[in-house]
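Reviewing the structure listed below.
Order as written gives the chain letters A, B, C and D; numbering starts at 1 within each chain.
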Amino acid sequence: MLKIGDLVFLYHSERAKYLITVQEKGSFSTHKGNIPFSELREKDFGDMIKTHMGFPFHILKPTLADLSMKVHRTTTIVYPKDAGLMMLKSFVFPGARVIETGTGSGALTTILATYVQPNGKVYSYEARSEFSDNAKANIKKLGLSDFVEFFVRDVEKQGFDQKDVDAVFIDLPEPWIAVKHAYDALKGGHSLVSLSPNTEQIRKTKAVMELEGFVRIQVLEILERELLVRITGTRPAERMISHTAYLIFAQKGKKPTAE
Amino acid sequence: MLKIGDLVFLYHSERAKYLITVQEKGSFSTHKGNIPFSELREKDFGDMIKTHMGFPFHILKPTLADLSMKVHRTTTIVYPKDAGLMMLKSFVFPGARVIETGTGSGALTTILATYVQPNGKVYSYEARSEFSDNAKANIKKLGLSDFVEFFVRDVEKQGFDQKDVDAVFIDLPEPWIAVKHAYDALKGGHSLVSLSPNTEQIRKTKAVMELEGFVRIQVLEILERELLVRITGTRPAERMISHTAYLIFAQKGKKPTAE
Amino acid sequence: MLKIGDLVFLYHSERAKYLITVQEKGSFSTHKGNIPFSELREKDFGDMIKTHMGFPFHILKPTLADLSMKVHRTTTIVYPKDAGLMMLKSFVFPGARVIETGTGSGALTTILATYVQPNGKVYSYEARSEFSDNAKANIKKLGLSDFVEFFVRDVEKQGFDQKDVDAVFIDLPEPWIAVKHAYDALKGGHSLVSLSPNTEQIRKTKAVMELEGFVRIQVLEILERELLVRITGTRPAERMISHTAYLIFAQKGKKPTAE
Amino acid sequence: MLKIGDLVFLYHSERAKYLITVQEKGSFSTHKGNIPFSELREKDFGDMIKTHMGFPFHILKPTLADLSMKVHRTTTIVYPKDAGLMMLKSFVFPGARVIETGTGSGALTTILATYVQPNGKVYSYEARSEFSDNAKANIKKLGLSDFVEFFVRDVEKQGFDQKDVDAVFIDLPEPWIAVKHAYDALKGGHSLVSLSPNTEQIRKTKAVMELEGFVRIQVLEILERELLVRITGTRPAERMISHTAYLIFAQKGKKPTAE
């Protein structure tokens, strides 16, 4: 049976779906009708519940993609299609210590915190305290606060406090300002990932990475396309998200020398 | 300093890169020259080493994408671009219990085992014992054996042994044969992911998923495109991998009734 | 100087652009203000004109893509990204005789008629007279009536009247019904192009093409992606049209025999 | 019956296909065996012919895409997927007068010359005489010499000889050098198309276009993806050409003034 505080994904259709937290009292309102929390608490994941107007909703477990996409947003966020590859092409695993900057709305923080459990830690740096506060509230709501430490800081001037971390993630308008600090914070041979929407940002960031001693630098873009499988036929969806960001992957090597 | 048994990614360039295990004796041969293991063991991750012909190689930590792509292959494997999204849109996390079938070469097994550490488990089912044996050897080499249990079995006839698992992954030529068993093994509201190259496989699998009580079914395809950032200019690579597989994501709901 | 009846593309921005025909009297209304036709007729292509509210519009020559996209639509239409390749991979040239079915809204008809001038002809077949009438009006407005002959007909039962045509284009919900007739109408070795949104339509059409004696059958899909080049940076547009139709290209060979 | 000089596309399979010119004597050699021209001349388009080893080849009419892709190459060429859209989004039609620079290998020249027949003309400028000579030979072989005038010239310094042309096409490493000349040569409101592989080229060319008075500037990229329709299933091809060039489309408006 669902408990107060449980995160639940209520699903009627792609146009009527909600990520909610189970409450003690009251009811959840949708444009398909209301669902009293008292009724919801008698159900379990996988059950179905009907609104007072009779529309059925499936009670689903929210995926990590759902949780990260549904954080309260004060900024643009990292998309699951991008975040998935970022995890595999870096060193995020149970027990890892990783840095991200900026915190933004905490979408990537959510994903990182989930994977570094139970012994690892995410060190999340953000210049604007209002963003950091919002992200902190998002992470708390998801029960992940034990795995994240937040810092409000001008990273360019002050750098990072940690050494020998397993991975660094940069999501800043001027990513190059954090590259040297990322180098100093990383374990040898470990990875830095930066993402930016524009080719000019990528170009400058890559140049600074090379100067600072990063190697095996690769820039990728991930496109996600939906296939519609219907009674009437199978075909790709008519529209798609074409671009979110370019991803730069790099690993800490030796600084180039004049030799 | 590197130790015997460490996995190392030796990187000279995109055309000369190797995933190796540090040995006690002998040397590693590349077409750029040899690297004696005794010399390598005096280095650390992030250092550089030169072959006897003078070519420099960076000593990098292999990413999870490297490890999964470099398993000894007896079958086609799941690509990182696909596996990344599969992780985020299902329930794979430290402590999770997940099922996959078939084991194949163990590329996905590698990824799953990494993320379910230290208390979770991957139950990996495969019909052909020679595939299972190869994958088991791959997983052992990566030091992940504690987190995987292998089964050689005809899943269609015998199903899975586990109940209440967090996620099921199907990578079979006829994925629909395992859908009912996946339903029985999953926790309510949790997720099933299946991947197939052909639209006909997807269509049939989706139909069976609907009949068996899976909901929120979505079919996606992930395209990875490289951006070349060179002195001479910035542009997408001329060629790309256009298609590996379609991914179906679904969650366990209530079976449809005649009501 | 512009004349009555001239087709003009008025362009203020991507959000305010209009394909209009120059009239004798009155004025053209936009949400940026009005432009009197008497004033417009004192201008020429390439000039600028201001609305009564002071917004500037460029007076541009409409491209063939503009003309085909702006036909009065009663149906979905063929997009320029698809039509362009369809021209090059078939035999549409000044003097060519080509068949299309169905006529639809006349978007493809517009393109075909433009290229077969001054001695060729488009034979355009459509089952529904209201569609044919609308397309005929569209073609007349564009001054291309001399190059198109319209037929209202059930092609499946009655076939085409022409023989030895240079190319046949099929845009029907059940394209396979016209394949045999296309074979009979085409010159040897010449080309048939069919387009359909769904893979099932493509599969069946291709199978019928093979049975009827078409060879060198190829299925392609064209994706058009916009690159935004702005002061703030260069990047692909966030959204794109992902799918309009699959295109099948084939050429008339010898019917397969039991030999 | 085929005649000496006819262009024929011999098609056995995607791996054995040839564009040839019918000769008086001798035979054409393929790795599937030889085909004597005397035998070929007794056939017609759409017929089948067997090599001395018994392999069947279909005798097909080469499409415009075939002709342009098979020109003797001394340079990279414009691909049909790009050229098709370039035709529709500019003013190339029977009777049009159009300029291109550089001539390159004559692939685009072939397409332009085909469509401007019988009264139009392509003015093709190239800095290097050896490229121009090769392209001239290609065009002659295709029987299109009456529709093309070749110029060997440094366009940056000397500009174009024509005025009031319907369209200008630029395919140069430094496209911006020809933009002002294109403006001077074009009819008002008519179109300029430029193509370049790199974003930096696009950025600079677009900036110069804006300064010179071009409007409605749009940058597009065309991706062509093959769908494999086989007995075993339907799926996109595993690999695709990801990038050839970005296309800039613009139309001649009024030069921006200080007003």
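Following the convention adopted for this analysis, a residue touches a chain if its C-beta (ideal position, glycine included) is under 8 Å from a C-beta of that chain, and two chains touch if they have at least 3 such contacts.
All values derive from a computational prediction rather than experimental measurement.
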Partner chains that chain C and chain D have in common: none
Centroid spacing, where centroids are CA-atom means, of chain B and chain C in whole angstrom: 46
Chain A and chain B: spacing of chain centres that average the CA atoms, whole Å: 21
Multi-partner residues of chain A (each touching 2 or more other chains): 199, 225-226, 234, 236, 246
Chains grouped in pairs wherever the two touch, ordered by label: A-B, A-C, B-D, C-D
Sites on chain C touched by chain D in the complex: 9, 11, 17, 44-48, 58-61, 63-65, 68, 80-81, 83-91, 93-95, 111, 114-115, 117-119, 187-191, 199, 202-203, 206, 215-216, 218-229, 234, 236, 246, 251-254
Of chain B, residues touching chain D in the complex: 197-201, 225-226, 232-244, 246
